[in-house]
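As written, the chains take the letters A, B and C, and residue 1 is the first residue of each chain.
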């Protein structure tokens, strides 16, 4: 009697122990394969391809994959979320990332897992070298030279006319000899 | 008769000489004036983005201070993101806003200058939100456009700097700034001993002088040292992000985010966007809810200028009124 | 070189009266000038204090950073419009009645522009010569301040040229009548600046051409100058200022306040120089009509601004309108509106008050009203909060008031000095006018050329 009870207890204990792993074993771990070009220049659009497959190699579709990147900015190391994409029928989640941050970065694709599958992640290194500037901001609307040309035109006309008037003053200061003599005679 | 004629001739020639001298003087003055105007044709691109003579030195050195690894082509394009979901005006801290305190202590701002000022805006749905308001470092800056002597200019990195040596104190820029982020030293500002060891540069604006305009400058010397601005460092909720739009990264000291994606995903907006100033500061809407704040909790602690107490008898002025 | 002497009684009497101030200095004049000099000296002393201690001595602060100095600047720029309007526009339209008042108008313009320039320099933080040097050396043509400086200098030179052009025959007259007892300086001055005017036909032609150019040129220059002054405010992003209407508003206001000042000055001149028979009720009435007309214009512009803004209440203007019409600025605004705009029209419209005294009273009201209006524009616009905080206050301190008093005294002093060195009425034009009216014997250019 005691022996059977002990055996039952041990069996229950072992079963309980194995249960989680069993449950885990019920959630298959998918395979996530991440591929992209290892090198890029800034401004270049890099296609990050992540394939999500079940252990048998069948593609898993319709699952969100989030992409992130290790980066350092102002002496702060962090994991930067750069986007997400959903797997299609072939299990491919493609995300276009415009490389902007120079240096060597570990790019990670992560699958958060769902009721069926366990989470998975894959990571690969992307080296970015200096290329073209990526931030293009259109200039505020300006008509080049409009300001200075208006100023020069207006001021030039006005001061030119002032000069002309000055010349008339100069002309006034020099009457003809005829007028001088006439004036002298007139008084 | 002849004598009179000679006298007339002499008088006429003297008159001519006087007029000539006057004309020469006027021409010299005008020449200098127009000369300096026309020299800007070759120098400036007409949109206030390029620095003037004295500033040319500053912009060159600013260019030289870029992060190592990026040569002349890629420049930093500084910007800030302020996540209002985390800003509660430091109500949870029970202190005056720490960003303001850090800026005041770090930059030795005389009372009542608050380069970062936490304003409390009323929300249309009721309650209030706190908006830490800094210089927006606009890309179509009204202040730069109106300055008569070019004492303020836009650097290629997007910062708007002031050369206090050139400023004539006309305060046209203060009238033009729609965010009211420019401050004037009406009286003699108290200068701490530390300032006197520093050689003046528009990039750190100390030692301060009387009768010129000052404003937030995104702490360029901190950026050069690879450190965040005082306000970003000090925020206990890490609500302030300092970032570079060219490298497209921003950090608040804890996390690193992709600048463009962060502001797009979180529906960031810019303050008074409709005025067309193109500010470089993005706000993520909120009222401090992620810091545990209720919008009905109004009020914050008033700003303090503690460093000034170390200077005996330093007296400054008020924001308005006597 | 002697010119033709006065040929008729009218000219002789007029010449005597016009030149009298240049010959003799009355006791009251000396007293007046002494008082002005004392006030200016006091203003300079106080300004020196302001330079030493900084602008903290004023009532200006970060929130309201433009105050009384800028108000006086705009006011004097406005006053300076008068000369142009009276002289040039009335000359173009051959309005004969203008002749006794043109000289005063032009003197007012020159004086007002100089004082306005001084006020704007006093507003900046440092020594005037340093400010001027920096503006000249580092000017940016994109700045409205620089446009303003260019406009002011251009208009000042234009006004001086115009004043001088119309002055040449009168200076010749002074030169001829000054006599040998006068001082060497006086004789040299008249002879030098009369440019050898002997009323020769070619000289007349040159003068008419010069006056023709200036009278047409000075009008767009003046209008541009006032528009550019308004752009100091309109180019900012503050609600009451950022309006395309500011240009016309300032121009109309300028003509309005300028005519008001001229009425006051010619009333004083008339009494002082005993020119009652030349400056008659007709002149005051005509100036009064101009005042009333521009009253209407100001009324129209004010109503436009209030109604267009008040109908939709957008863009933060609501607080400003409430303050202006019913709040803290309301007493000033309604004084300006009823006293400065409506009352002058009523005074001039009602026949009983349409007298010299009435017009002078109207012009006093106009000046007070326009000063209030400038103050409301500058300070009322500056105090509108751009961020959520309480509406700031501003009140001028005794420093600002002293310097302002000094500036006004300087304005009056320059006119007083000018009245001593040039005849205060345009004698030759009045004589021409009189001769034309009476079909005169000496007559004009035509009969001279016939000789």
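Simple rule for what comes next: a residue touches a chain if its C-beta (ideal position, glycine included) is under 8 Å from a C-beta of that chain, and two chains touch if they have at least 3 such contacts.
These numbers were taken from a predicted model, which means no experiment stands behind them.
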Maximum centroid distance from chain A, chain identifier (CA atoms): C
Identifier of the chain whose CA centre is least distant from the whole-structure CA centre: B
Whole-Å gap separating chain A and chain B, where each centre is the average of the chain's CA atoms: 26
Cα-centroid distance, chain A relative to chain C, in whole angstrom: 59
Computed distance of Cα centres, chain C from chain B, in Å: 38
Touching two or more other chains - residue numbers and ranges from chain C: 1, 141-142, 195-196
Touching two or more other chains - residues of chain B: 12, 15, 37, 40, 46
Multi-chain contact residues (two or more partners), chain A: 147-148, 151, 159, 166, 173-174
Touching residues on chain A, where the partner in the complex is chain C: 147-148, 151, 154-155, 158-159, 161-162, 164-166, 168-169, 171-176, 179-180, 182-184, 186-187
Sites on chain A touched by chain B in the complex: 42, 71-83, 100-103, 130, 132-135, 137, 139-140, 142, 144-145, 147-148, 151, 159, 166, 170, 173-174
Chain B residues within the chain C interface of the complex: 8, 11-12, 15, 18, 29, 32-33, 36-37, 40, 44, 46, 48, 52-53, 112, 117, 119-122, 133, 142, 145-151, 166-172, 174-180, 183-188, 210-212, 275, 277, 317-322
Chain B residues touching chain A - in the complex, by the definition given at the top: 12, 15-16, 19, 23, 30, 37-38, 40-41, 45-47, 69-71, 73-75, 77, 139-140, 223, 226-228, 242-251, 253-258, 261, 276, 278
Residues of chain C that touch chain A when the two form their complex: 1-5, 141-142, 147, 150, 154, 157-158, 161, 164-165, 168, 195-203, 206-207, 209-210, 213-214, 217, 221, 224, 451
